[in-house]
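Have a look at the structure below before the remarks.
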């Protein structure tokens, strides 16, 4: 029978071996065996809410759809201009209402079947008729009246009026032979995560919700086979573990990380950071007079905000450069219009006529508007009502909490007291819908086609009321002005890009002059990748645009592993340390056991 | 006066049967608690302001208003509350916890997928903590007043006062300064290691953090119950029989001291599961804890509802196990 | 050669800062087959004596003098030797069997434990069978070996303790107030059982009790203790019927004998309580409560007198040594 | 002329004196008390020790993520604010929430405890059952759910206090119920009933004074749980986003990526503050228990 002392020694050594053993993989991890297939791992923060293109709404879901499926047309990586997709070429009728697309021949689905015009018609017909499907792609197919296939490789679409967005149809083309099995009712919860059939550059092979999604390259892709063999998208809860994973080499690229994490990654070895222009902006929005579509006033917005001069005064009081420096750490640009500069041809900005940060002008404007400074420096209107506004910030965004604090302090300077409260985006959406707010800080991500963004300020997008129940539209400023609506409707029907641009710019100027929003800044998208492991990243647009989450899959198809495996000076220190500690522990345990057992023998007789 | 029966035969060992009435009573109370939790859960989420349907089409993607009305009808928000309640209970019976707003997937599937990592992480940490904690607490209680006792109990009180995730955060900072970066998450698809070892490697840091805090708790529990037994008369009898000191402790004091600790072991289980929320977030461990943290953004109400039910059901089940296990261990209870 | 020979035993407990003298110089001997009684109020140090014999007193207690058990001095032997001697040379029957038995282990296992420990040839099966026989011997059905302490009656538990004490057939048994927790009828049965065992196995019995009448009925010799010292010693019956030392007299008088006219009228109790060991009164510690107190009693710490046909007393009136 | 009340108060003063004598000798209790006094003074004297302006983003002047130095003893955070100022002002919120939540928890716990112990039949049964249910429900998920569904117009700090108070009373209720049951058997309660004392009289006159020592000991332990709860809730982003508590500093640190940037001081000092205060409360609680329960004393 093994004496207790020896049994104890065995247990201790076994436990320590278990502790040290895992250190071995840290070693193995660094020398990927050459024969294995090359895998690129992208770390993201926002889990894909659904792989079903008719259900998913978050940006990462759209990235997955672009990988799995094709679209009729794409956006060029140089400047987002329309480029051929599944449609090799296309013609429009004289009156601009009939579009003919010529489908590329020889394109196969991942299960080997041929992709034909019938699939295109099926995808568009479903987007038009299906409840859930229309909810997702309604604004693309709103004015398509008829879709038909004249032969296997030609599709003809008729529209109620000429529409420039026919070259921006972000409707994925799905295989009819698999999707016909999914009925209208259960499409809402159809997961589409079991090796779905697609024609895109990658094929989904494994989906572990909340953890990772594995795609295999489609080596027969019509626009050229991707250079990597496998793409994995891994999901992380927060910036901290995401940045950590990049440093340990578990992921090769990270996207959408916060400014502070980005800063700390800047000086890390083997990591290249990319501060890319992005199509998003952040604004301070006002409740310019909440009312429903049929004009009935709702909510309890502060009447003073209806007066343009008050809004202009507030705009002058905002020091956008401080936000740029303190909040964005100079990763972005200050802003005026609602279309970001990334879309060079649509973007409008007032240039020298931009409103400068000018507290004196702000005070002057408020005095003119009839709100003199009252007791304690707080301004009040002719009816004695003080200028006290509610300002709502968003719980899920750190920058939002900082912005609202800055805005509160600045407005205090010009005699406006602001009470800040922080809430979830859901609660804020509900509050906006009912008009129960004065000001809030949020932002928009603008699509290549400005139509939807401009529609947000049209009268039609205000809340609707039926039977006492208010349901919110997309307007969050409740701005309603005939001349603006006219401009908006006009641009919807102009085909000639130059003419349409002029109208769009006029609309942006109108919004700026009326200070419907105080657009604060265009923020950059922070990305970082392991330059020691992969190369060939593509910017969209080429002058410093983002590398992933683009309108297209250029980066995924172009990256390739860095061939010359230069000496891996990866933090060997770390590995050596782990093994050193392990060995030390074993030696220590050995000594302890010997001492322990000897002591036991000597005193066996003596111990009580 | 006394007659010795032939050979002084010893009757067969009596089986340790648990009276059926006791088992039924305990199960019914446990079920009662679960019903209470279901009712609380239902009404709790009816207080929420905000428009659930809106969550289906957040900003940046447009959805026309009538579609929102239709979603509200599916969610049954318009119905009078008692009809909603029966529908809710009926669904619950078939494990249908509704659809998660944030993730557009049935809540029961989400919870099912993320249950195993939490059980793995919390379970390992718990067994480790209970084992080491009780061993340490027993020795500290036995050698009452000795240096080991003073040091281990003051250390335990300190760790007991530390939130688990804080310990995790500090550990991560220290390690990252040292250049040793423990992997985040549960698995690394790139690693050439067999999955089991890879997961083990990822588990080392979070399990250590969780275990250390609960070693403190269990050693305090064990120490106090050992102190209760420390001066009992039957220990003097055992010593008088000639047993060595450590045998007296292991054969006589420990079984008696272990009993109250086992009930407390299950009672504190609820806290272990809650503790996992913090640690899983800091270490990005894809379990129920991080699912709760993700569900807070939004907030994703059906998911939170489902998680709350799962956590409570788990703890209620564990307490039922404790109630049933205790009489098997302590003969005195079985008699009553 | 006597079974147990205690010479000038001093025991001082360490409590808080200072020391608490429980036993202040006691001599006691028990011969084979002899039953010696040890009487006295609670707190007089009699239980400490029981603890001292097998060195079961808590750590930090200062013990001086000699305790020879079957020739070897228990106080100086190594722990290993002591453990070998415990229960094999001498065993103890404790007062409250309910607390002295381990509540979560079966009676049979607890009785078999010392057998397995001290008898190398014993196996779990033979030890358990021996336990069954021992239970039968003390009048408890053998199948009770499977029960737990709380499933037995008070009497049965006490008998089980006795069975356990006999497990290694020791030469000496120390019974520390074995019957105090029992009602009178069961008390008589247990005492009869003890007497029977002493007779049958020629063991020495040190019977400790505060009840002088119990001792007088079953002990060959009795020693009365007061404030850590033996104040009178002598043959059992004589000491109860004709006690010499005033304290012994009061103690005997406190237990009425049925049918004795003298005690029927007004049994005399003793005023006051036993002294606090930390602040003993000067001279003879009994003098504050002694009915026959004289001037000397306050100065002289009187010791036991020389033996006069087997009787000794520590009092000025009875020739106590100055 | 001595009234009944003055006699009772005299007795209580003597008892208090005796309690303090016992407490003074308890090393662990004393150390805990000293730490608490220090933190209490820091919290009260916050305006004197650190300028409140230091908390606002706009007025922050310090360098970004500067390690501890003479100018900034606890270093600075990513917005250039001194962590020392944040910890000093944070102590106010953390202690306030901890104490306020404990008051709620003690009031509910004592009422339910006495109620379920005193009333036989349906009333007592329901309260007893309620205690058991709340005892079993894990407190953090319940707190998270409550914090999420709290109506937004209630100021966040009040919401957090109520949430913690409502989810932490069951332990106290169970202890007090057991104590009340044992008091119910005492003869002098029979006498009070015999003399016609109503339920309220019995409970307030007899049961409550007897239960008070247990309530006191349990209060200090509950405060430590409440402060831990506030810190964890703030870390999960459910605390008051506008007020700086220790949990909020740690939340900022975690989302400001304290790990990669290696700004250990940003997380260490608020963390230490939490652990020290919670440990101090624990030590005082255990010391009070030892003084009140003699059996524990000699085992200490």
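Going in written order, the chains are labelled A, B, C and D, and every chain counts its residues from 1.
Heads up, the rule we're going with is that contacts are C-beta pairs under 8 Å (C-beta built on N, C-alpha and C of every residue); 3 or more make two chains touch, one makes a residue touch a chain.
Note that the coordinates shown come from a computational prediction; the quantities given were computed from them, not determined experimentally.
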| item | value |
| --- | --- |
| Other chains in touch with both subunit A and subunit D | B |
| Pair of chains joined by the greatest number of C-beta pairs in contact | A-B |
| Chain closest to the middle, measuring from C-alpha centroids that were averaged per chain | B |
| Separation of subunit B from subunit C, taking each centre as the mean of its C-alpha atoms, in whole Å | 52 |
| Whole-Å separation of chain centres (CA-atom averages), subunit B against subunit D | 24 |
| Mean-CA-position distance for subunit C and subunit A (Å) | 87 |
| Residues of subunit D touching at least two other chains | 152, 237, 254, 258-260, 262 |
| Shared-contact residues (touching 2 or more other chains) in subunit C | none |
| For subunit B, residues that touch 2 or more chains besides their own | 49, 172, 176, 244, 281-282, 293, 299 |
| Parts of subunit A lying in touch with subunit B, wherever the complex brings them together | 19, 21-22, 25-26, 28-29, 32-33, 39, 41, 47, 49-50, 52, 55-58, 131, 134-136, 138-139, 189, 191, 208-212, 214, 232, 234, 236-238, 240-242, 244-245, 247-250, 395-396, 424-427, 429-430, 433, 442, 444-445, 452, 455, 463-464, 466, 469, 471-474, 571, 573-574, 577-578, 607-608 |
| In the complex with subunit B, residue positions of subunit D that touch it | 129, 132-133, 135-142, 144-146, 148-149, 151-152, 224, 228, 231-232, 235-238, 250, 253-254, 258-260, 262, 264, 267-268, 271, 274-275, 278-279, 282-283, 286, 299 |
| Residue numbers on subunit D that touch subunit A, as the complex places them | 56-58, 78-79, 152, 156, 237, 241-242, 252, 254-262 |
| Contacting residues of subunit A [partner subunit D, same complex] | 238-240, 243-244, 247, 258, 260-261, 263-265, 268, 322, 326, 393, 395, 398, 401-402, 405-406, 409-410, 420-423, 427 |
| Parts of subunit B lying in touch with subunit C, wherever the complex brings them together | 1-2, 4-5, 7-11, 13-14, 232-234, 236-244, 251-252, 255-256, 259, 329-332, 335 |
